[in-house]
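Shared between the two complexes below is chain A, which has chain B as its partner in the first and chain C in the second.
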Partner chain A sequence: MDSKIERGTDGLAILHLTGRLDLASASNFKGQVTKLLEDGVSVVILYLAEVSFVDSSGLGAIVGGLKAARQRGGDLRLAGAQEQMLSLLELTTLISVLRPYATIEEAAAGH
Partner chain B sequence: MKRPQLGIKADPVVALPPLRLTATSEELTRFHAYLEEFWGKLPQGYSSALNEQWQMLFTTAAAEIISNIITHAYGRSDCPGWIDFHLSLYTDCVTGEFTDRGIYWNGQLGPNLPSAVDIPQMAESGRGMHIIQAATDELKYWRSNDDENHWLVVKKFSQ
Partner chain C sequence: MPTEAPWQLVGTVGLGLFVLMVVGFSASLWHRHHTLTLGHMEAIPTPPVHRGLLTRLVTSGPPGEWPLPRLWLLRIFILINVAFAFNYIGYRYLFSINWAHWPFALILLAAETYSLLGTVLFSIESWLLRRRDTSPVEPGLTVDVFITRYNEPVELLQETIRAAVNISYPHTTYVLDDGDSLQLKEYAEQGGAIHVTRTADWQGHERYAKAGNVNNALMHSSGEFILILDADQMALPQILDRTLGYFRDPNVAFVQTPQWFYNVREGDPLGSQANLFYGPIQQSKDNWGAAFFCGSNGILRREALLQLGVRQYVKDLRNRMVRAFAASKQLVDAALAALGKQPDPKLAGALAELRIALNQARARLRSGDSLQEITWEIQREVERISGPLVDQDLAGIEAELRELSALSETSYETSSETSYETSSESPTPINLRDQALVRRQLASREWTPLGSLGMIRQLLLSLDLDVWNQAQPIMPMATNSVTEDLATAMRLHALGWKSVFHREILAVGLAPEDLGTLMAQRLRWAQGTIQVLFLQNPLTLRGLGLGQRVAYLSTIWSYFYGFAAVVYLAAPMLYLFLGVTPITDYSGAFFSRFAPYFVVNQVVFALYAWGLPRYRAQQINMALFPIWIDAVVSAVKNIYFHQPLSFVVTPKTRVKSASFRFVTVQVVLIFLLIVAVIYGLLGLALGLRPDGVAVLANVFWATYGLLLLSVVVRALLFVNSADTSVEELNRLGLPTPQGV
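Now for the complex of A and B:
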């Protein structure tokens, strides 16, 4: 999995992910989210349009990131998730807490 | 324990030679490539029943089994073991069979999502078996007399 960080204003950061978010990459991803939060980012947007596959390890890491962000009073939001990721959110019922936004702009606005 | 009966009487329409993986997460790339090769070999007439959504769900379930073996069967081992993965296309379903020599699986087979709780208490793991069950039609596990673990997943064609 490759990633690129784009820092926005008002404590917002966009983490552009490419490839698979799975057992092989989940730990590294979680470390990146933790580092962003420690650096003062309050809202992390995961841009997932280039993520081809997510498994339960990747999903667990996203849940971990969401928990960490909320504990600091912030948030973690999903944008551009592809069909496989959306199916996974549905199958696990996590879609009720990890609402997927179509675009980065919608995720940033939170609606 | 013997291999359970599946009720599939016909020979497979397509069966690739088994893929042997080293039980490490880095091998997931080879696993995905093997599945892509398999989907590319589907005979004409199967593409509507096994559309992209169908293939995606099967791939998701199969990847969870591989990850489960790496994490649980070999997770406490000093050196990685192996996993054999065998895919077969039948006239009404696709089966994936996984064999390893790791430790015995003593977790639940049934769909069991972590309890719905507030976000601070939300579990970060424990969803894999539920995903496998939700994405496929049948999941079997048995430990053979030669100390091998066997997982068999079956997904029937879309109606």
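Now for the complex of A and C:
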């Protein structure tokens, strides 16, 4: 998994992920989210269009990130998720907690 | 009268035989006990262990084959058995209820109906009995081996760790140490294993025993597959090579292998060796797609577990939100009502706005909007509406909230606490677990409208998409039952995952060594199983197939046996002492239906076990009836009245050897049954009672009960010395734990 961080205004940051978000990369991902939150970012947007594969460990890490963000009064949002991830979100019913926004703009607006 | 003479004779002979039997049994017990006590001085030769069986199981590949002729023989007898069973119960229902003694007549009929349904479930389940073939393993899989420890002695763990590290397929060994022992940490790290303890996240949260221990480690390890071993289970080196192949099927969630105990001798009165369960029972469950995961000696697919964890997180979150909104709405309504007398336009306006916002949020929740958006918006709304008002009178509100939180802490109950303690400094502000409690709290005192507003605010702001009062959001192992393994397996099956039972001994461990420990263990299993029935009923849980429902139900059904056992034991006593006759007459019509059912039932069981020892298991099942009853009662109390379970971790080392108080009920019953038989036969011998056939029938039944119950006397006098196990371990090439 590769990643690139783009800082926006108003405590917003976009984390562009590439590759696989799975068992192997989950802890690395968790660390990145934690660091962003510690740096004062409140809303983290995960841009997932380049993510080819996500497994349940990846989802677990996302839930962990969401919890951490919410505890600081912030949020963690998904944008651009692909077919495989969408179907895993359906399968695990996580889709009823985390809304997968189509674009970064929608995610930033939060609706 | 001329007809009395033969009955007097029968009575006399019967009495003689019965007294001989009781005396003989006692003498054999006394002799056995005596020699065992002397054994330490005289070094009597050790009795043989299950050598033949073990050799077969360990050395000659997968056993438990069910060649077609044998399988069909069993099936034919199963059919005959079911036919006889219905023939009997039909007669009982239609022609034999003695309404003169209707209360007990109906109770006995209910017990017999229970047994009949058990027979039916067993018959359906056993129909599909096959063995599995392993497939070869692919290289390159990542595997974690988890050794779970609560407080077992470090010496015992040392050998478990050594055996685990020696497993030949590449893997990482973790010691999940809930005892947090420094000595063990040192040993684990020297031996090449990783020592894992609960993270700081768990402080102040429910620990959930073994399920919590595994859930914690799942977050700190990364293998695709996880082998779980209890603290005493020494794995054989080939355990992973023999089982990982099943995971070539991407839908297989877990593979369970048998538990086998090396400290059990032939004739073990505790019936510890679960040959039948880890044999034909699991094999047939497996073929219905419902092999049970048993907590140890099983390999799980992490992906399956985590999917389960994420789903559970969503479910718990949703429940929590529904409750929080309902409680908030109640508070708003109460506050608005209280406002009537002292109108404050600002406050009234805020409460009305809040009410609208809450209604909107609840509507969105129902329409399926994401929880993320709903909470985000309601939190901002509540800040906007209540912020300015609440800030004015912060001190007053805080005092009120403190009072409430003190209230909720004292009444906070957890489902499975006792030896696993929850810290008392729980940071929970408001208890939403029990809506009735919130209502009581609201009713218990007058709230100022402003206080209510502050409380609603705190309540809604605490909705941080985290599962309330949990150490970690994702809990893959089920935490709702003290038998987390059963609950977890059932959830996996409901999600469509497959499972495998692999009948080959690939790890050996320790069985309970005395009656008290055994009873504690069985009580926990039974309680957990009943909990599972009430919390995720296999009959209604969505996603399970019909065969899977049968497989789960037949196990759960068997745990209600305690009530039937009481009835069966009471029946001969009630008749012999008091003449209570639940059956119209003990005539040929009755016997011609009962006898074939009884006999064929035994035949089926014998065919099913096919050489495996089964009598002990049957005895223990009957003799432990107070445990089964206790389990049902305490599990129901736990679920519906939130009373803690008397939950204990099964000790791996002996606590007490003779424990008379555990079996007082059984011993009293044995005494009463003996007196009843003598009383009945004596009456016959002296020509005092004319009901010869009925007395004999009840004497037979009482004697059968006595034979089954007598196991507790044996078990009570039983002292196990584990010397024999050393030899057995050496033969398997395993080290000997020093703790044994």
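Heads up, the rule we're going with is that the second predicted complex is superposed on the first by the 111 of 111 C-alpha atoms of A that agree within 3 Å, B and C clash if a C-alpha of one lies under 4 Å from a C-alpha of the other, contacts with A are read in each partner's own complex, and residues count from 1 in each chain.
One rule holds for everything that comes next: a residue touches a chain if its C-beta (ideal position, glycine included) is under 8 Å from a C-beta of that chain, and two chains touch if they have at least 3 such contacts.
Here the structure is a predicted model, which is why all the values come from computation and not from measurement.
Under the clash rule set out above, the superposition-derived model of chain A with chain B and chain C contains a clash between the two partners.
Legend: residue contacts after superposition of the two complexes on their common chain; A:75 is shown touching chain C, with no touch to chain B. In the superposition on chain A, A:110 makes contact with chain C only, while chain B stays out of contact range. With both structures placed on the common chain, the touch criterion links A:95 to chain C but leaves chain B unconnected. In the superposed model, A:85 makes contact with neither chain B nor chain C. By the touch criterion stated above, A:55 is placed in contact with chain B and with chain C alike. In the overlay built on the shared chain, the residue A:17 is in contact with neither chain B nor chain C. In the superposition on chain A, A:66 contacts both chain B and chain C. When both structures are laid over each other on chain A, chain B collides with chain C only at 470-478; the other stretches in 200-208, 452-460 or 470-478 stay clear.
23-24, 55-57, 59-60, 63-64, 66-67, 70-71, 91-93, 97 are the residues of chain A that lie in the contact sets of both chain B and chain C, per the superposition on chain A.
Interface residues of chain A facing chain C in the complex, by the touch rule stated above, are 23-24, 26-27, 55-57, 59-60, 63-64, 66-67, 70-71, 75, 77, 91-99, 110-111. Against chain B, in their complex, chain A makes its touches with residues 20, 22-24, 53, 55-57, 59-61, 63-64, 66-67, 70-71, 83-84, 87-88, 91-93, 97. Residues of chain B touching chain A in their complex: 25-26, 28-29, 32, 52-53, 56-57, 59-60, 63-64, 67, 70-71, 113, 116, 119-120, 122-125, 127-128, 130-131, 134-135. For chain C in complex with chain A, the residues that touch the partner chain are 219, 222, 224, 302-303, 306-307, 309-311, 313-315, 317-318, 368-373, 376, 464-466, 473-474.
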